[in-house]
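Consider the two complexes below, in which subunit A is the common component and subunit B and subunit C are the respective partners.
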Partner chain A sequence: MNCTIVVIDDHELVLDGTVNLLKDHYPNATIQIAQTRQTGQTLIEQLQPDLVVVDLSIPESEGATARFETGIELLKFLMQHYPTLNIVVQSMNPKPLVRLKPMIDDHEGGFTIADKKLRRDEMLTKLDMALNGGTYLPKEMKLGLEVKPEWLELLRLAYQEGLQDKAIAKEMNISDRTVRNYWTKVQDALSVYPEDNQNLRTQVGIRAREEGLID
Partner chain B sequence: MTPIASSIKSNKKEQEGAWATYWSGLASVCTRATVYLEHFSHQELWFSNFAGLQFSASSLAELCHSGCRKRGCNVLSVYRIVEVVFFIESIPVPHTRSQCVAIQPVIILICMMLLLWSMVSYLELQRSMRWWFEQRTAHLEVQSERIHNGVMQELFVLRRDLEAALEPGQTSATDPNQTDQAKLWAIEKIHHQLEQISDELSPPYIADSLPLAIQSHLQNWQRLHAADLEIELPTTWEQEATAQNQIILMVLNELLQIVMPISPVKLPCCVRLLAQNKTNSVECPKPFGELLVKVTYPNAVMISSILHTKELRYLRRVMRGLARGHLFHRRRELTVTWYCHWRLRSAPSLTVGLD
Partner chain C sequence: MGKMSHKYWERIRDEVAIWRIGALPGLFVIGLVILLRLVGALQPSEWWMLDFLLRSRSPESTDERILIVGIDEADIQAVGTYPISDGTLAELIETLQTDEPRVIGLDLIRDLPVEPGQDRLNQAFQAENIIGIEKVLPDLSNNTIAPPAGLAPEQIGFADVVLDADTALRRSLLETFTETGEQRFSLALLLTERYLAEEGIDLENGIYDPVAMRFGDVEIPYVLPNSGGYVNADANNYQTLIHYRSGEEPFHRVSMTDILNGNVPEEWIRDRVVLIGSRAVSAGDLVRSSAVDNDSSGLIYGVESHAHVASQIISAVLDDRPLLRTWANTWDYVWIIGWGLLGIVLSRVLASPFKTLFALGIASTVLFILCVVALMGGWWLPLVPALSVLILNSAGLTAALFYRHQQDLKAKIYDRQSVIEHTFDAIHNGPLQTLAGIMRHCPEESYSRDQLYNELQKLNHELRMVYDSIQQETLLPNQHFYVCNGHSFDLQRPTHELLHEVYRATLNRPFQHFEPLKVKVVSFQPIDVRILSIEQKRRLCRFLEEALCNAGKYAKEMTRLEVTCKPQAGKILIRVADNGSGIAIDSRLSAGRGTQQAMMLAKQLNGTFQRIPNSKKGTICELTYPIAKPWF
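Moving on to the complex of A and B:
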């Protein structure tokens, strides 16, 4: 896959490990690295990458102390200024991200959280998912089933009215891209993720019925 | 024998009337103080520090009415009574009704001073305890973060190296796969243990969301105790100070330890968190948090033994002193519901979760 990836992490060894992993998995990708928020932000502005892999605990600039608040601020900035950017948060402690949940729900690009405790293959799944515009938040960050009214409307139109995405977009007066984004959010809310030999939309329908979201 | 006691013994009949006036004067002051404090607490300082003092004043009034002969009075009230008597002993003992009347303003003044002193010292103590607790919470949070950013990061690097070595096509000199796989498991185990230590130092989500922190804690608790827990948590919650969340979580943990004893039968338990809007004043709504733990017991003996534990009494004081709230219970047949109430910073409407 030809893509540009920016990796932001203040630990040199972690950076090396992540870059090696990315090079193995995406041999044709252009990978750039940054160790502070400032350099990372500049790189993203210059390169407009397809994917950003960011650690939460990073320093503001060289010599500064790494703080998760800095990572939170960077993510806020990225989601505000690049609403379609694909982001993977790779962190040892991603829990403070819960502060950004409303923003993540509205973000139109891919957004996945990869706890550093994940195995290599699980980490790669999260990278692929984000690159394809998917959303993944760990279950422990959710209080039960959290579904927005517009996502419910999408489910109703798709499974009860039997409408296609284009017709749903017209009915809900939103863009095709937003419909696709709603699908990824619904998939995450229902914990339905891409798996081999499984039709995602069918799985979503089954789970939505199990949860009583649709008749 | 104190001067008061000996004086009473020698002139028992003569002084009976005088002492009645003496105690009734004291009771009257305390009653007035109770009403005064109650007025304050209803007006502005709901759930405030006056609660303890108000209780003490009313207990004191009650004790004075019964001539301090009532049994079962709490230690704090007895302590206050001792303080009053100590002061009274420094005043000449009244022998006649007129002497009693003359001395009454002095007693009133002493009582008011005592009440004021009690109030100030109580507030000071409470502030100090809260400060201490906040400092400890912040310190432990830093330590927890240090584990995440230090040793766990290094472990992550080691792990990725091993995983890369285990990838197909990679070879090692001696017994490659088994050794590396064993190392990988060991690293996973160490990682898990470090995470547990870090969570013990600073519970997950404690700085970000009380409902998520409670959810995480209860899920752990459920796993460890194989308990029959029903959890109801709100999806919206106004974020409080980390130390306040920590106190509530600790109170919940201790409460569960006390009210859910090891039993051969599973005790059905419901834990619910909600924000209440007290609507006794339109101008000044007083939202408060309510954490409810409802347990159904197999028999009344178990309930009785739980309700009389000293730990429950301590927990009530911790809740009052540190969280500026209340812990109380209501019983209905074999079901007991414990309530933790504490004042919220503002109305529940925002933050974590979806509307």
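Moving on to the complex of A and C:
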């Protein structure tokens, strides 16, 4: 795949590991690295990358202490300024991200959270998901089944009215892209992921009925 | 060091601020009082005060040097004619002369002869120790009155008086000029001059002030247009303030009949100044003076006023009795400004209204006593303006202090009230909820001992947390919102983020109806299009916490909970909607603390709060407020 990826991590070892993994998986990708928030943000502004892999705990600038607040601030900035940017957050502890939950729910790009201890193939799944605009949030970040009113409307239109995406977009007065984004959010909310290798929409329909999202 | 100097500067700044509030009006008051004095508005009150102080003096001894022979109503009745004839008058003078008075003043208009006895009177007038009167200043009808024909020019003094605007006699005209420009002395001055000449003291020009009249080492002070309390007084020629001799008997007074019948001790006459004048009301020779204590409605006979003037100069020269004098104008104003500043300082330094009032009492008393003592020494000080600025400044500032005191009290009460409310909120939203949960489980005995123990332990913990949260939220300046399970959120973060945190924290609390809850439909969008204060944000957080707690407590079999926080149609909407079979509108709820809080918040934000049934089942609890801040 021909794409641009920016990796931000202050640990060189982790950085190397991530970069190697990415190079293996996406041989044609342009990969740029940064070790601080400032350099990372500048890179992103310059390159407009397809994917950003961010460590939550990073230093603000060279020599500063790595703090997760810095990563949070960076993510906030990125989601505010690049609403369709695909983001993978690498973190051992996703709890600080909870405060960004409403923002992540509204983010139109891919957004996955990958534990640094993940196996190589699991890590790749998260990278792929994000690059494809998918969403994955770990259980700790969710408060059970939590949905937005717009997603409920999507489910109603799709399963009760039997509408196709285009019709749904028209009905809800949103773009096709947003419709697709809603689907990924609903999938994540219902924990239906592509790796299950099943018909996603059917699965979502079944789970939504189980949970009472649709009658 | 930096902190120290910062504190120091802050203190100075505070002090300056207080002085600006306190002292500027004070200086204004001083300026105003001075202005009032300059335009004459205080003149009547200063006169009144002078009269009052003079009247209040303890009585002085009778001046043995002066005898007043008053022709009273009884004398007129006895003689049978009025005016009394020249013959009778001559007889009176002759009788007096036998006892060799030093000088006789005749304060009777005798420009025309009153027969019989003109020759005999003229004969009596040959004696050099007789002084008669004339009126040299034109009256309203532009008339003057000539002296008795038989007197030599050096035996004639004028009897003209200068009255103040309130018709009172406070100044004595000692020297004036006739319309033709001739110099004239007053009757009182001539009597004094004659009397003192015998003592070897002559009338001379002043040494310190060449303009002044001087007898020995006493220079007679003279009135200027703005002397003392006077403003633009007619101070022409030589006038001096009358230092009335106090007491009911300043001079011996006898009647004409007493003299003619030889009823007067010889020593009252020999070597004395004898003043003959009218002491009959019918004769009309009366002047007003409130400075002497008498019971004839402030009126004294003209002859007595001359006696007072002659007496005051003679006593000044021979007895060192002070003459009445005033400060130069500059000192008047230094004095007034000084007392005004003292008034400001009193209220500022003492700070407490009661102490200031007390000090004001002392300062006023001191001022009063100072003025009384000064007057005893002959100095007429500006008491009224000084007292005015002192009282206005300290009392005015005291009033301001009272106000501040009251404001402080109000603020304290408000603070206390808010601590009480915070305490109640903290107990209500935390431990009381847990307790309600335990109590609900108890009848069903659905708790195991361990569960019950855990719950009680939690209750214990929450109760202990109340103190922390109160302290953190109320006693310290604080920008955090505390939820009962120990989390705290920075209130400076965006409101929707805060509400989201509150939502998550509250949903994690073990309310029984959160357990069957399957779906949460949430929407937290930025709502800071209207900027809220920290306190308003805190209350919004409380509102959401309370609404969610209610759902957790009362929404039975709730499967879906909608939490909304977003702008909608020009308003901000914050809503919690459940689908439990709870109480839509429960009397317990609507009367409860939470409802009160919500109502207050809605009112403050100019919005509305309502708790209404949800479309099919359940309850909606929502707060809306306009995005546009009200203009006031």
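The criterion applied here is as follows: the second predicted complex is superposed on the first by the 213 of 215 C-alpha atoms of A that agree within 3 Å, B and C clash if a C-alpha of one lies under 4 Å from a C-alpha of the other, contacts with A are read in each partner's own complex, and residues count from 1 in each chain.
Criterion: a contact is a pair of C-beta atoms (placed from the backbone, for glycine too) under 8 Å apart; a residue touches a chain by one contact, two chains touch by 3 or more.
Every value quoted in this text rests on a predicted model; they were computed, and no experiment measured them.
> Should the pairing of subunit B and subunit C on subunit A count as a clash or a fit in the superposition?
Once subunit A is superposed (C-alpha atoms), there is a clash between subunit B and subunit C.
> After lining up the shared chain so the two structures overlap, which partner does A:Gly212 touch, if you call subunit B first and subunit C second: first, second, both or neither?
second
> Which partner does A:Ala66 reach: the first (subunit B), the second (subunit C), both, or neither?
It touches subunit B, and subunit C stays clear.
> Contact-wise, after the overlay, does A:Gly17 reach subunit B, subunit C, both or neither (first, second, both, neither)?
First partner only.
> Return the chain, subunit B or subunit C, that is in touch with more residues of subunit A.
Touching more of subunit A: B.
> Would you sort A:Arg120 into first (subunit B), second (subunit C), both or neither based on which partner it touches?
first
> Looking at the overlay, does A:Arg99 come into contact with subunit B only (first), subunit C only (second), both, or neither?
both
> Taking the superposition as given, does A:Glu146 touch the first partner, subunit B, the second, subunit C, both, or neither?
Touch partners of A:Glu146: subunit B and subunit C.
> Looking at the overlay, does A:Pro138 come into contact with subunit B only (first), subunit C only (second), both, or neither?
Touch partners of A:Pro138: none, neither subunit B nor subunit C.
> Which one hits subunit B, of these parts of subunit C: 150-158, 510-518, 582-590 or 618-626?
That would be 510-518, the only stretch with clashing C-alpha atoms.
> Of the residues on subunit A, which ones does subunit B touch that subunit C also touches?
On subunit A, the residues that contact subunit B in one structure and subunit C in the other are 98-99, 101-102, 143-144, 146-148.
> Show which residues of subunit C lie in contact with subunit A when the two form their complex.
Where subunit C meets subunit A, its residues are 493, 496-497, 500-501, 504, 507-508, 517-525, 559-560, 562, 564.
> Per the contact definition, I'd like the list of subunit A residues that touch subunit C in the complex.
Where subunit A meets subunit C, its residues are 98-99, 101-102, 106, 143-149, 152, 211-213.
> Which positions of subunit B touch subunit A when the two form their complex?
The contact residues of subunit B facing subunit A are 145, 148-149, 152-154, 156-157, 160-161, 163-164, 167, 188, 191-192, 195, 198, 204-205, 207-209, 211-212, 215-216, 219, 233-235, 352-354.
> What part of subunit A is in contact with subunit B in the complex they form?
Subunit A reaches subunit B through residues 11, 13-14, 16-18, 20-21, 24, 57, 66, 68, 92-93, 95-96, 98-99, 101-102, 105, 116-117, 119-120, 140-141, 143-144, 146-148.
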